[in-house]
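Just dropping this structure here.
A, B and C are the chain letters, set down in written order, and residue numbers restart from 1 in every chain.
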């Protein structure tokens, strides 16, 4: 596949690894804030082969993992209603709520459907006028333009049986929260390539300056990640802290203006809770009041649903990079992909699931 | 656990997994758990407990192999075939994986009220043709009809009987360190062919289900490789990864896969990339996995490649004595990755 | 939120005011909303697609440049040991003889030995 598989060349990857190992005079600590990058890093064993030069801390880059517990509970409540067809991206289906998950609601008779695109959910609404179709609009800035278009089209076409349950989060406030935290060890960031495809990287420049951290906008294939890490390490070795773009084939400084424009017409910035972390001010997107008719929270009066996390789940510490998944007392015992305590163990992008599914071998080889 | 939320709450308490879920049918860990906790305790016997593709049972005069499979695919018709092809090939292949030559099938049908005759006839035509081509006879059957909504169009069960040959006994526990791991063809075709016509996902592709009768390939291995074939398994639901995990577990051995040699057709790879799926876990209906003594691997490969269904056969890894029960893949980078059994079905992802 | 893959635009049309199209991903085709790249793409161009939406046009020149740089780095790496030896040799102090060239000046030119 063009523009994809050539960035997986193992020989070039090995030469990049060698280059990074040679250039680093120091073991640097970098954080990626993107589930897709975490997935590639752990799956390919990139952190394993670079261990002498770089420690990769996995940030809260999985929007599935950080969707607040009460938003999941609201989703479950809606999915259980007989008059609702509840639609969602696949990743959300096994995320545990306070008492169960969407898969179990489906087993109970709830009409839960996985879709590839929010436009598929809108199509379902057009085709089922006697039902209420709700779409679980989860994601970072990458997915906001798609979710915005679904709402916009629903409004234009007057599809009144369509609504969205919104749980959008934005990346820069999370990076600030991590950088502001007193025990942070992060010295540089890989910024999420597709988030920046939409948003550009202008908003990262003040962060690099204020906190003196290099930020490299990076893609998702092994060669992208390695090149991004190399660029970050080179900055650190040279004492620079700038925003650089590795993912030049997709990202421009200003991002995608038409996408940003529709997002700002449909959504507004709100405070958002991040599961396991807490409320980060101005870190989320919610529907604008003029689009309230498409807001599932208002349409179905869900605000009364509140929830609390089970104490054993340490997702917050993992998501903030304070703890590696295998350091959590519940990892692999009480909390496994089959019976997850928290979202990072469920989502295939979650650090805990990634470590469990890909990394368990290394841990047992290390006598853990 | 969690404190009681005020307002409407989920009626199902977490941890009280008291009913069947879709994941139980995925061929992954939930399926294994369902068997272990509910079925085996009630039916357990030496034959069943081996959990092979079929059961070798003694009868007056020798031994035969019995196997059964139930087919519930939806939609009933998909690119490259229909449920009828699966119903014959699935059981014929299970018999073949035990080393038997398939001879007889029974066929039981649960028909949904409202199923159009032309659909049903196309499926029956497919079954009849597949049975004839495979040299098996459908000697007995049964049909039932249920209310609209109780069966996705049609459910089919086939049970098969096969004849064993002396000295050829591949079995689930036969893997030995040093064995080569072979696959008979490219992966992921059936699962992605069905996915392409699923509502909410549809995409256009030339991917056709790989449903096929693998008994001739097994026959070839039996006559030209013989007892050096230690394990045979058809990789169906749960994909190659699940089959390898089961064999590693049953044999108490480890399996090492090499990156970049597992054959996946371009369009299957593309569809998996689009949906965020891993081809190692996608269902097949015409691929067998063979664990063969290392020295016999080149000959086994030659045998498989002599058949159209085996044109894409390849060696994908080996059996090792380390990491018992685990399947590990060496990445091109030199890293390692555990290819674990999934709990339930693989979910398309956006991250 | 990341899963975006590049594909080739094979068809473009307008559906009730919404720019839509068909994108080919290595043999698999899917309907994709092109609203966010409509002004910059034509049939034959590549776009990155996420959940059924094109979010950027693939800059093929930049893509080629990235790949060329990576390939060059790969080749330079193979020559790396020659460079390491040359650097080590160049750093050895040898007392200057009257009128002779310093070891550094006399070091041979290495193939592709630019930084």
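One rule holds in what follows: a contact is a pair of C-beta atoms (placed from the backbone, for glycine too) under 8 Å apart; a residue touches a chain by one contact, two chains touch by 3 or more.
Owing to the predicted nature of the structure, the values given are computational and were not obtained by experimental measurement.
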Closest chain to the protein CA centroid?
A
Report which interface contains more C-beta contacts, comparing A-B against A-C.
A-B
Looking at CA centres, what chain is most distant from chain C?
B
Whole-Å gap between the CA centroids of chain B and chain C:
41
Need the CA-centroid distance for the pair chain A / chain B, whole Å please.
33
Between chain A and chain C, what distance separates the C-alpha centroids? Give it in angstrom.
26
Give me the residue numbers in chain C that touch at least two other chains, ranges are fine.
1-3, 5, 25-26, 50-51
Quick check: what residues of chain A touch more than one other chain, meaning two or more?
1, 4, 35-36, 61, 63, 89, 116, 120, 139, 143, 349
Multi-partner residues of chain B (each touching 2 or more other chains)
266, 269-270, 273-274, 276, 349-351
Considering the complex alone, what residue numbers of chain C touch chain B?
1-3, 5, 22, 25-30, 49-51
Touching chain A in the complex, chain C uses residues 1-6, 8, 16-18, 25-26, 33, 35-39, 46, 48, 50-53, 55-56, 58-60, 62-63, 65-67, 70-71, 73-74, 77-78, 80
For a test of understanding, state which residues of chain A touch chain B in their complex under the given definition.
1, 4, 8, 10, 13-14, 17, 35-36, 39, 42-46, 48-49, 61-64, 70, 73, 76-77, 80, 87, 89-91, 93-94, 96-101, 103-108, 113-116, 120, 124, 139, 143, 222, 304-310, 336-339, 347-349, 356-362, 364
Which residues of chain B touch chain C once you look at their complex with the stated criterion?
196, 203-207, 266-267, 269-271, 273-274, 276, 349-351
The answer for chain A against chain C in the complex is residues 1-4, 6-7, 9, 11-12, 15-16, 18-19, 22, 34-37, 61, 63, 89, 116-120, 139-143, 145-146, 149, 153, 156-157, 192-195, 197-198, 220, 223, 227, 246, 248-252, 256, 258-259, 262, 349
